[in-house]
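There are two complexes below, and they share chain A, which is joined by chain B in the first and by chain C in the second.
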Partner chain A sequence: MSGTNRANSRPLSPHLQIWRYHATMFASITHRITGMGLYFGTFLIGAWLIALASGPETYALLEPAFTSIPGQVVLFVWTIAALFHFATGIRFLLWDGPHIGFEPKTASAVSVFLYVFAVLGAVAIWATILWL
Partner chain B sequence: MVQLTLPKNSRVGKGKTWPKPQGATNLRQFRIYRFSPEENGNPRWDLYWVDLDKAGTMILDVLLYIKNNIDPTLAFRRSCREGVCGSCSMNIAGNNTIACTKGFDELPGGVISIAPLPHLPVVKDLIPDLTNFYAQHAYVQPFLKTVTPNPEKERKQSEEDRNELNGLYECILCACCSTSCPSYWWNGDKYLGPAALLQAYRWLIDSRDEATGERLDDLEDPFKLYRCHTIMNCAQVCPKGLNPAKAIAKIKKMMVERVS
Partner chain C sequence: MANNEFITPAKAARGLGSARAGTHDHIRQRVTAIALVFLVPWFIFSVISATNAGYESAAEWAGKPWNAILLILTAGATFYHMRIGMQIIIEDYIAKTSTRTALLILNSFAAIALFVTVALSVLKLWIGAGA
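== the complex of A and B ==
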């Protein structure tokens, strides 16, 4: 059928290639990425706990990995991800329960705040730890 | 399925740069998506110079200026030119909206890109195939369903109950919201999308409708309703200022409430 052939040859209109992002779309993607990051980060926490429970010798094997500069960077980024995901989780509660924060302007402002909260929160936590 | 890139036959190539109109001083460049089923080859971006002094105020005026003065082959849908018919919906400068209510002075500087609504099969130029979109609208049965005998006159509704429909009945089915939704891009065959779900909620919340239970049953599915991840693009782009994301959240809550 010629009609079917024509329908099959129709191109797909551009989507991600042309889309201009709103803050809410960025925050949604970041929520997913941080969720993935936290999933894999949990292995690190698990390894740390097992090492801790296995006694000082085992812990000494793992400690350099966590105290090295790359290790510290990973933990710092993990802190940001945890705070971001935590905050978006609360936002989901407000959305799905009392339906608060759905106005586009509010939602965009909250999305920007999520990033600020996650980064400043992580800096504050690390500054406190390093200072103590 | 998530596919971040376009299929081979859909990649947009470089097109033609049309000549500047004679004697114009207030020029602005527009980059417009072109595809014709009668020509072989991929879609392309054509560049047009538009004399803003002669092109009215809205993007629809710009398109009409191009069609009348530069290139009569440019195809797009339009009808009412005042934001009530939903025909001229398209992607303008990266976001979906209706061309007739978008002033070109509202847009960021530089070249303005105009493309069909995202992630749909293109019939010609700025005209996408909306068959699936309309089928989804039909699926939610957007009409009053009752079992009780018809009253002598009309089915009455209190003022409060009628107010529940505000922000829902105004939808003009332009498809800006559904085609703005990444979840709809990847799962448009199974996920109903914001427009159809807003309409579903419009009938779920109608105090006169007596099919609430069946309506909820029809949405109880991993895809039809629950692919909404509150990305919020729908509410960000709706040219009528409606909030499909909120309507979807309310349907989800109705699902929970009827179980508990």
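== the complex of A and C ==
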């Protein structure tokens, strides 16, 4: 932090309007947005664990926030976001490491598939938990 | 390489050149990601089950040794990963030095504070279960 204007003189990351509309562009932006959402979601899950460790009285106060319908909807959306970020994350590892799926056509097709995977995966997980 | 022999590291840094630490966060972000590939499927399934199971079952679940170990591992990898992720977003979009610095510090404090609190909560549940 020595130079006073150091950060200002460095280039910023390209902003959203610079990219051409494309499946891979959407998947990349969704990866970042879900990452930010999961950041704040982690604090909610953390609060749940802290309430659990605080004992039955504290837990009883916080439990409705998770088991009520709005709470369950938030958890369901969290599941979709987590699965999407998980899947795009694995794809980034495959791109960076062994360069798998990096051809434009494959990358576009996989981008669309990742959205389907996240939604269907979340439905499958919730169906398994609630009905089995 | 040849060019580097004629400039000192300090000169290179002032010229906005490499500080030789550019890949540090990039590599750690990927190493924690590899850990999370294994931990996250277990975590998603377990947490949804436990939040819907009531206090007794949830506390019993978190107090089992394997679950407690996996919970702390997941917490460690997650907080490291999310801290770097948010740091990259702040560095990408916040240009003003004072705001950027304040947010970067807040990000580190928040992630580390949450990790410590969650890790101690899991330890308490584990010890409470008498495992």
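Rule of thumb we're sticking to: the second predicted complex is superposed on the first by the 112 of 132 C-alpha atoms of A that agree within 3 Å, B and C clash if a C-alpha of one lies under 4 Å from a C-alpha of the other, contacts with A are read in each partner's own complex, and residues count from 1 in each chain.
Criterion: contacts are C-beta pairs under 8 Å (C-beta built on N, C-alpha and C of every residue); 3 or more make two chains touch, one makes a residue touch a chain.
This one's a predicted model, so the numbers in the text were calculated from it and none came from an experiment.
> Who touches more of chain A, chain B or chain C?
Residues of chain A touched, chain B against chain C: more for C.
> For A:Tyr39 in the superposed arrangement: first (chain B), second (chain C), both or neither?
Second partner only, chain C.
> With the two complexes superposed on chain A, say which partner A:Thr24 touches: chain B (first), chain C (second), both, or neither.
first
> Does the superposition put A:Leu12 against chain B (first), chain C (second), both, or neither?
both
> If you stack the two complexes on chain A, which partner ends up touching A:Phe86: first (chain B), second (chain C), both, or neither?
After superposition on chain A, A:Phe86 lies in contact with chain C alone.
> For A:Asp96, using the defined touch cut-off, is the partner it touches chain B, chain C, both, or neither? Pick first, second, both or neither.
both
> Do any residues of chain A touch both chain B and chain C, and if so, which are they?
Residues 6-7, 9-10, 12-13, 15, 92, 96 of chain A touch both chain B and chain C.
> Name, in rising order, each residue of chain A that touches chain B in their complex.
6-7, 9-20, 22, 24-25, 28, 92, 95-97, 99, 102-104, 107-108
> Give every residue of chain A touching chain C within the complex, in rising order.
1, 3-10, 12-13, 15, 32, 35-36, 38-39, 42-43, 45-46, 48-50, 52-54, 56, 59-60, 63, 66-67, 75, 79, 82-83, 86, 89-90, 92-93, 96, 125-126, 128-130
> Would you pull the chain C residues touching chain A in the complex into a rising list?
14, 16, 30, 33-34, 36-37, 40-41, 44-45, 47-49, 51-52, 54-55, 58-59, 62, 71, 78-79, 82, 85-86, 89, 91-93, 95-97, 100-101, 110, 114, 117-118, 120-122, 124-125, 128
> If we count contacts the way the header does, which residues on chain B are in touch with chain A in the complex?
By the definition above, chain B touches chain A via 4, 6-7, 9-10, 12, 33, 35, 37, 42-43, 91, 93-95, 113, 115-123, 128-129, 180, 182, 185, 229-233, 235-236, 243, 245-246, 249-250, 252-253.
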